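Please read through the structure below; I'll follow up with questions.
As written, the chains take the letters A, B, C, D, E and F, and residue 1 is the first residue of each chain.
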């Protein structure tokens, strides 16, 4: 579909949709679809990510049609559109997960529409992966984050933004799992052994900073459908301050964009989560999130056109 | 038309439209229409009002269907909708005025649709009044502001947000003119004589604070169609900090809402201008603007139903 | 207990506790106890109130021992202290309510310790009232708010910050109920009939602004133990911007403090809820909340000393 | 002297001086002089007032030549100018006081130049009063504040922003002393007796809110030269958040301006202190301070012209 | 000329001029002159750059006389001063361009005074280049930016901050053109061919990040007078958030300063544009801009002294 | 001692102490102690660092027990605790220095407790070093900063945050002195010779960026006890905006943390100073400071365990 033309209709005008694309729920020809999932009640520290989809839309208004670094027109190639949001149920994590799973399943039914999800906290990835599994069977997970998110429970509860990956592993939804950018302090030294146990290839921030190509090659060697889950807190908080559990010392904007541009994956879906606008500054974080989606769509578009 | 149901779809979800109303350009049955005019190049101090319509939409998401102080369902009664924005031409005041005049004329053609305009700076009111004049002949102007806006020119230029009222008077677009809340310091003592010369009834902030009923009665005694132009800077900057030329010592929120609720006018149109989001705090100013539109729609609805 | 002496230890130094009082869980001689309940997953719009207790502590550091308007030393008279927070369960409303009910019951057991609670969103008042009921039987409720909070459910859920009062009424926890400052727009005109049905005396913002004394007299005529629940959004957002569902046009700071100072009640408990620090400005809202607690303690102290 | 002409040189252009007046140290014909005293090391809570003069200059750029409420051209009548700042000595209170006393003495020598001082914290008023006393003998002091500022010492130190008035009284610099707007909580009930002991007429916020005219009449009945010291924290923090020790529940902007406009005094000097820009929002506080100086100059101008 | 001595007059005191240098319009001996051009009506997204010059002055107060990385005293060597601002005409792009061209021509007449311009949006560079051309004939342009700025028109208008370079090329004002840091998404793939057509050497952000020396060598090989136009948005928005059309993934502060320090050019002029203070945070962006001017002056000073 | 368990008591709950550790003044078994020194009257530009300790406590709540990069449980190994603050004397630099020296001496008496100090401005390091000297004799100083801090005096005063190192050298408190990250502009070219004269090894930002290992090796070759003084302004202001005299172009978060992790020193004490919360954004700076303390404690713990 067509973005509003910025040369006629200035980019600060009109209703804010993702990248100024049309809103539609007729998805037949839509290959790339922005979907908002504004849920944030599974956070363990700062909330606010419920305003993430709305802020990402605002922050996406400067995106133009052609990506010169990837060499593609992602919106045109993919007939991209904005779905609106999934009506989550504030304060009810498990009910919300059921709603998300059902609605994402409907969106991806038939396997042609790739969802680009704006969260929301990271708990939303679990029901999305359940939907992915239903449609595609096991997918690979490329998990950008400064935290492992594989803890068993918080305050006796199994479903939080820090435990979803353990659940996904237990539910056997995933094929290969690769973590990128991990750096937070840990609850225990035993945490270092969990990736081995769960079959996760976990690259911490040193790996990514010092051996980027190796990490990218590992990811690009994965076979089959892949899902990318991007926790914005993997980006340095100087670049992306608007998030719930920031960790000092992450990737800067250039490193982040370059990393995504170099991925070569058969993409089943993408999410960017933990954008918390009340903690953001001059839309830095939501603009970063919007650009990540743009680059990921570009990668999808480039791969399609190269086939 | 129907707002999204907040009891099903939480108010922080979905694309932001005014009061979560549908967007449409089919206006036949629409009696009240939110129209954004995001132009701010005629300001003399701070800019930023080009983001006004977008912020007012965000700030309007808490409005519910029933107004208990006026006793009406404004959106339902008036079949209210959101038009989107007029595509103004940044940096070109006079060209933009032509665009606005033309498009507002189309919107109000037939006289059934009342526009509720979210500015933009105050210069946009001039072309709107030209359109009003075309459709309705001379209308009354109720002008809320902390400034007179009747100066002849700034830096040799006739069209700014401080001169539009002089132009409107010269062009004989208006019937009665009432100013409410004036309080800024002046360029000259001669300014005090201008209202007399131009046939303006000008009530300053002392009049409004000390003799509110008298001012309201004066306004309600006007005959014929009336247009309300509401510069948000008439509200105290403690309540509405996000504006371009703030003046200390204005009306508080309660006084402002009560004033609007008591108006009894045959409304041809309404605008709220000079909302400058970069200077706003926690959406106070845009929420105030959204509430003003809500109250004005309610007044229109109440009058319709009382006929 | 003793505050840290600000003439020796500057008020910006040392660990922040409420009013720089000692932290203790030995409550035998404590008549007034600050208790934090940092839960915010039952909000329907903005979150952030989980940081309310922490911010209220920061905002309380300027409170000095003697209240000249009430003529009392509240902290000394009441042997006031800070309890710390109740460890709520983020994301799990009903489990949290159980925790709150149990822990508040323990705090007030014996009826000598009056809790001054810093929320948290307004849902926390329900379990507090359950605990009150257990200890004291039915109490009166003085409910300051810009919203009725008596709706039946949101998105099919019974427990939110907008439905707690309906639940409390259904559970027959309350004696007289008085609402003060109501002003938000409503879901339906039927809402206006609910207070009558539920036996609520509801004074809207006009009543409070135009007939303050009448409202106060009504409240002071109540017999028996009373609980005050103070939603900070009853205060004008220009004074208290840091809240979740702001409504333009409320009470200013002076009106608010004076109102509390004039109450003459046998106080069973007090809460101030919906302080959302991410939306606050220069600690205005948390300072307001701290002052409200101070005035309420002063009222309790004055009543004790007058007996 | 002449302000830069805002109709030729837009108000956001050029070097910021107070009200866009010329900077000069040739004071012979200058009747009203803005003087910055950027010292803030005598504060007991938040600092930042060292940036006060700079912010007040920025906030004064919207002031126009004619004051319609007082009916005067203050800058023209008084040949007003900006002196620049006094070079205080950061971190050294008593040395700074010596510098201030000396430099203000030079400025006011001859008794024709009235200084309008932008602080800085309230400690600066003590050396200014010493200079006043040298030039004029005892003057009256009209002291707007939410705090008494007459405490004996903080942490064993005699010179702070909370003790300057005690020092001024001890040094017998003053004739009548009137306090306006007091409302903070106190260290002791003994504080209530201090005004009586020191010969201070102290009007608290209730007096000012409920019996404004009485307070104004009391002030206007003073004979001889008067000095006004205006602590910005007497204004409500919703209107003036940028200050060091805010107290909820003060005067709003309109009340404040009206109060100043009604004063009829033989003015020896004026200061506005405790403007702390790091805590300000959209220049609200510095604009308020600039307007207060404008009104005070207008009162001086009106009195001169009425003679 | 001499900066105010920070060891006597603290850097937060006195009227803010660039680097605390004297203001003068007597330019005979001035080799480096700060000139403000506060125009922002040619922006296509966020405005606010009209407050750029004022903010850059504030942000420059920490600059000290000696630059240890370049080994020079730039202000002393160049007898640097602050000119004040050019009185632009808000809302009238083409009239403003005429004013700028005329006034910059006067400033540089004789070729001894090098202007260091603080914008303002990027459209101001066009009339400055016209003035350069008048004085010097064709100059080289070193253009730092994240955008090409060579589009033909926006909304049918030829003069915007995104089209000035096309105009400059069409008007044949320039000799060599080098672009540095380009990275925004594009309107079309045809955009990639424009540099070739217009004779521009365009280095994108990858070139600058991965092959810095090559880019610098290319620039330093230019012969003849050069003008540097520095759009602050080439810097990463984490470092310089206060700008109108931010692009994620730019140069960090260290890279930026080092790049400028290594230039070896015969400098005809320098501008830093698109600093938009309403979107800035703790003066980061204006401090960056001030430091860029400082480094550029240092480069000029070093080259002079090495001759 | 034990942190509060984040899996039971969410990290946003309870009184804020450093890393949620217990507060104690019984230090016998405490090897690592957080100590706040909230003094900021020796600053030469922005103040606010008096709120540093309080903000660092808030910013430390996300720290978890195990540091995977250093491979240690610092809090457990060192039996870490929070001391509270030293009661400084606002506005009296030299008196405060005496208080600090005395109280730090008491804390470190016996040589087992290593203080981790949260400032406060940099002047506090002088009395801490005096206390270190008393206990340990001469120690090495590793001084991270963007400024030399070795100037002789400001405005005729010997004790400021820019002169403490000169005093420490004159008082012969130190053994080896290494500076890391220097980059600010200088008062004179003579400044470049001072390190040589005072026996300081000074590595500027280029040294650190281009030859990190060399600098680390130099530091790690020091023999004897070492004290680290970390001025947060050595970190890039994009990452740590909340500071008093920011300098563009510093270390990013990753570089900073990695640098600290690689140190191998016999640590006598550590301070992080110049954190100024009023200029901070979303707690970036205070979180950075908290993480630095965490890494430094980890280095101490690792060294202990390796012995």
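As a convention for this text, a residue touches a chain if its C-beta (ideal position, glycine included) is under 8 Å from a C-beta of that chain, and two chains touch if they have at least 3 such contacts.
This one's a predicted model, so the numbers in the text were calculated from it and none came from an experiment.
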| item | value |
| --- | --- |
| Least step count from subunit A to subunit D, where 1 means the two chains touch | 2 |
| Steps in the shortest chain-to-chain touch route ending at subunit E and beginning at subunit B | 1 |
| B-E, A-E or D-E - pair sharing over half of the C-F contact pairs | D-E |
| Separation of subunit A from subunit B, taking each centre as the mean of its C-alpha atoms, in whole Å | 40 |
| Between subunit E and subunit C, distance of the C-alpha-averaged centres to the nearest whole Å | 55 |
| Distance between the centres, which are taken as Cα means, of subunit C and subunit B, whole angstrom | 37 |
| Multi-chain contact residues (two or more partners), subunit D | 8, 10, 12, 44, 46, 50-51, 87, 90, 154-155, 236, 238-239, 252, 279, 281 |
| Category of the chain touch graph - line, ring, star, complete, other | other |
| Touching chain combinations (by label order) | A-B, A-C, A-E, A-F, B-C, B-D, B-E, C-D, C-F, D-E, D-F, E-F |
| Residue ranges of subunit A touching subunit B (in the complex, touch as defined) | 8-10, 12-17, 23, 36, 38, 50-51, 53-54, 57-58, 82, 84-88, 90 |
| Touching residues on subunit A, where the partner in the complex is subunit C | 40-44, 46-48, 50-51, 87, 89-93, 154-157, 159-160, 278-279 |
| Residue ranges of subunit F in contact with subunit E within the complex | 44-46, 151, 153-155, 183-189, 191-192, 204-206, 209, 236-239, 241-242, 245-250, 252, 279-281 |
| Complex contacts: residues of subunit C adjacent to subunit D | 6-8, 10-12, 61-69, 71, 73, 236, 238-239, 252-254, 256-258, 281-284, 287-288, 291, 294 |
